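Heads up, there are several structures right after this.
Below, chain A partners chain B and then partners chain C, in two separate complexes.
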Partner chain A sequence: MDYKIDQGGDALKVYISGVLTFDDHERFKSVVKAISDSASATAEIDLTETKMIDSAGIGMLLLANDRAKKAGKDVRLTGASGHVLKVIQLSKVDEIIPVAS
Partner chain B sequence: MVAQPAHTPAPAPVDSDNARILVVDDLRSSRMLIGSVLKSAGFSNIDYAGDGIEALERFEAHEPDIILLDIVMPRMDGFEVSHAIRNRFKSDVPILVQSGVQEAEQRVRAFDMGATDLVSKPINAGELISRLRLHIERRRLIARLQRYQKRMEEELHSAEGMQMSLMKEGPEVDAITQPRQARMETFYRPSYKLGGDLWDVFEIDEHRFGVLMVDLSGHGVSAAINAFRLHMLAERSEADATDPGQWLARLSDELYEILPIEHFATAFYGVFDTRDLSLTFAGAGAPTPVLRRANGNVEHLDASGLIMGCRSNGHYENQRLMLQPGDRLCLYSDALYENFDTPDGALSVEELSALIVATMEADAVDGFTIDLIKRVFGSVPDSFPDDLTILMLEVLPA
Partner chain C sequence: MTGMALNQSEIVVAPAAMKSPFAKLLLAALGSAETVLAETTRDVEEQTQRLSGLFTSLTEKSSEQTERLSELFAQITTVDHDGQSFDLVTLPRILQESLQEVTERILVLSKQGVGLIYSLDEILEEIDEVASCIGEIEAINRQTRLLSLNAQIEAGRAGAAGVGFQVVSMEMQSLSRRIDALSEKMRGSVGKVTASIREVISSIRSEYQELSEIGAMDLTNQIDAKEQLEVLLNALVARNNEIQKELGNSTDASRRMAEEIHDVVMAMQFQDRMKQRTEAVIGAFDQIVSFMGEHDDLAMDQDSCEALTTAILGSITLSDVRREFQRSLSGSEAEEPEDNDDMSNIELF
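Our next item is the complex of A and B:
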């Protein structure tokens, strides 16, 4: 997994590329931190370039969402397609983290 | 084991070291010189050999922690000693070869014959002691890691046995399904000793039995611990086991209280009733079950649903499926179709479903689950990238 953080607009944007799995656990902590420390009230996690996600990857998104909520912010997921979209649909994660198309 | 009398050893001098060192040199004066250098550096456990043959005899009698080896010696030279220790005795004891700086070819050959490192000859006391300490420490570190690894493996092995015992064996499953007009085939293999998959088949009453398949997020030890917790919650559940949706909702609530935010479980829970051959089920994000009807029609069931343990009061919808004798249903965990090493090599539901159906339609060779694994992976791999569970339920003639 690679990520890019863009603080430019109203919302903080985090672009996740590659495969998001258990191995990315440590690296993802900085994403979680960037979201909770951000000045924006909204964080958008862009999954356009995310090819696959495993259960630990979903867990990381849940963690990011939880930390953001506790810091009074909203997280939404965007751009999911293919395998990632199927996992989101199957697991109904959109009932917990809003998914925008 | 013989009990040792308790005693407190006197504090050792800082530099004292009881590593057993075998000094091999044909010159008595060299041996004495090296011996005195070693002793003054705090080494107290020194053995000597005057040529290669004697060196191997000393080695066999008592394997040293490190060998300081001369090359040119009568009867058997240092190259042969080194070669014998590596090949005949299969020992990885560090061997430090004494060699003159100018003798480049000899130095290369020493490594070819199994030397660990070189020390210059004539001996330089400071260099000799530094290199000895380095290699002795390295060996101790490796030995410590090996002991640690062995202990962890033993512990994991025993935990693996505990986890396997949570899952029923064939005859136990048969005892539940056969009197209820069904049979099941099951397969479970953790990716590494411990896994986060869990399945169960249990009787509800004389007409009905429940089929549960769960996949805890992550894998390895933490997922396994969560699987144990979930197993206990499921066994003690006071929810109505005949109502899958409500049963999963209750389990999810209980998991929500104990699991960390980033952990969750996917599940399929179904209740088969022999009175009308119905399967009532609910899904919590489980992979799409594949049903092949006796008449050849194929249906994909919807086992999507909020993953369990993420929030309280989740809702899980019951679905009801009417079955007939000969209908076969396959449940599986995501390890069967996901491939994280080559993301583009992952199977779609349609592709996997075709393999499942083809396996069902072919003559069974090693049973459905093994035949399916062979069809998907080409053979039965020694290990799977993730925990793999496959369950197959078939409705039998009345």
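Our next item is the complex of A and C:
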């Protein structure tokens, strides 16, 4: 997994590319921290370039959402398609974290 | 069908009167005609009743068939297990729910696993901090020991005046040794805690590895299963609807058949009408035969014939038959005293 953080607009934007699996948990920790520490009230995780996600990846997104909520922030997911979107729908993550197309 | 019983066979020709050969021939022919007509009427009545029975039984069998089809359909769309009946259409739905539940559990475990690793990482960072504090304590302690050694040397140089100071520096050295022992103990504990935490992290990692190996992690199996279940569910619902439709068609066909058979049975009431007409004709014949039996050929004058005409017409209750006889016998249209031609008077099957 690679990620890029853009603090330019109103919302913090995190672009995640490649695959998001358990092996990425250490790197993802920086994303969780960036969201919690951000000055923006909203964080948008862009999954347009995410090719594949496993249950640990979904777990990490949920964890990021939990920690953001604790810090009084909202998270939303954007750009998911193909396998990633199917996993999001199957796991009903879209009922917990808002998903925008 | 309990219409008036035919009694042509009981007709007795009075033998007393004198008969010409033609009159005898006419009497015999009329007698035979009556017999044949009566037998034909009986035959038609019997066969009509039989046909009516067959048609009614056909309707009943058709209804039974539809009912059996419905029962069969109910049987093939359910599965019995452990005394419980499961609808085949709901079965994939139950499986979908189970799949959903399993998926949710995997997600909860994944989230908790990653969360636990994050928390343990944070603890490890704190422990590193503790370890570096211990290192600092040890460095301070080394410096303290060096200072106490210098103090001892200086106290020795001072001679008697430095005796007290020598005691203090000795105590400092003893304290420093205890601090060393304590920091070593702490370093040992920190090492053990760090090792345990790393072990937990490593075991979580290997659990994930195993989950990945059985394909539970990437959820591909679940996605495939979900899609297949959806296809199966749709196919079952479609098949169910088709069978329902066919069953509906069959019921409709059965109902139509029953209606048509009812129409056929109604149409067969022609037999009743035929019987009444035949009885009217036989009655007329009867009058003629009686008349001829009671009168000589020569006695058949105009008055007697008019009396016979009146007797014949009087014996016929069916209006259209009477009309026909009236037209032939007296050349005029019949009066309509009592119309017995009403369909409601015909006894139905």
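Note that the second predicted complex is superposed on the first by the 101 of 101 C-alpha atoms of A that agree within 3 Å, B and C clash if a C-alpha of one lies under 4 Å from a C-alpha of the other, contacts with A are read in each partner's own complex, and residues count from 1 in each chain.
The rule is short, and it goes like this: a residue touches a chain if its C-beta (ideal position, glycine included) is under 8 Å from a C-beta of that chain, and two chains touch if they have at least 3 such contacts.
Being a predicted model, the structure only gives us computed values, none of them experimental.
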- prompt: So, does A:Lys29 touch the first partner chain B, the second partner chain C, both, or neither?
  reply: second
Message: Touch test for A:Leu63: chain B only (first), chain C only (second), both, or neither?
response: both
Message: On the A-aligned overlay, A:Thr21 touches which partner chain: chain B = first, chain C = second, or both, or neither?
response: both
Message: One more residue to check, A:Glu95. First (chain B), second (chain C), both or neither?
response: first
Message: I'd like to know which partner A:Met52 touches here: chain B for first, chain C for second, both or neither.
response: both
Statement: Both chain B and chain C touch chain A at residues 21-22, 52, 54-56, 58-60, 62-63, 66, 83, 90-93
Field: chain B-facing residues of chain A, complex
entry: 19, 21-22, 51-52, 54-56, 58-60, 62-63, 66, 83, 89-93, 95-96
Touching residues (chain side chain A, partner chain C) in the complex: 21-22, 25-26, 28-29, 32, 52, 54-56, 58-60, 62-63, 66, 83, 86-87, 90-93
Message: Which stretch or stretches of chain B touch chain A in the complex?
response: 215-219, 261-264, 266, 285-288, 303-307, 310-311, 314, 334, 338, 340, 343, 346, 386
- prompt: If you look only at chain C, which of its residues touch chain A in the complex?
  reply: 100, 103-104, 106-107, 109-115, 117-118, 121, 205, 208, 211-212, 216-220, 222-223, 226
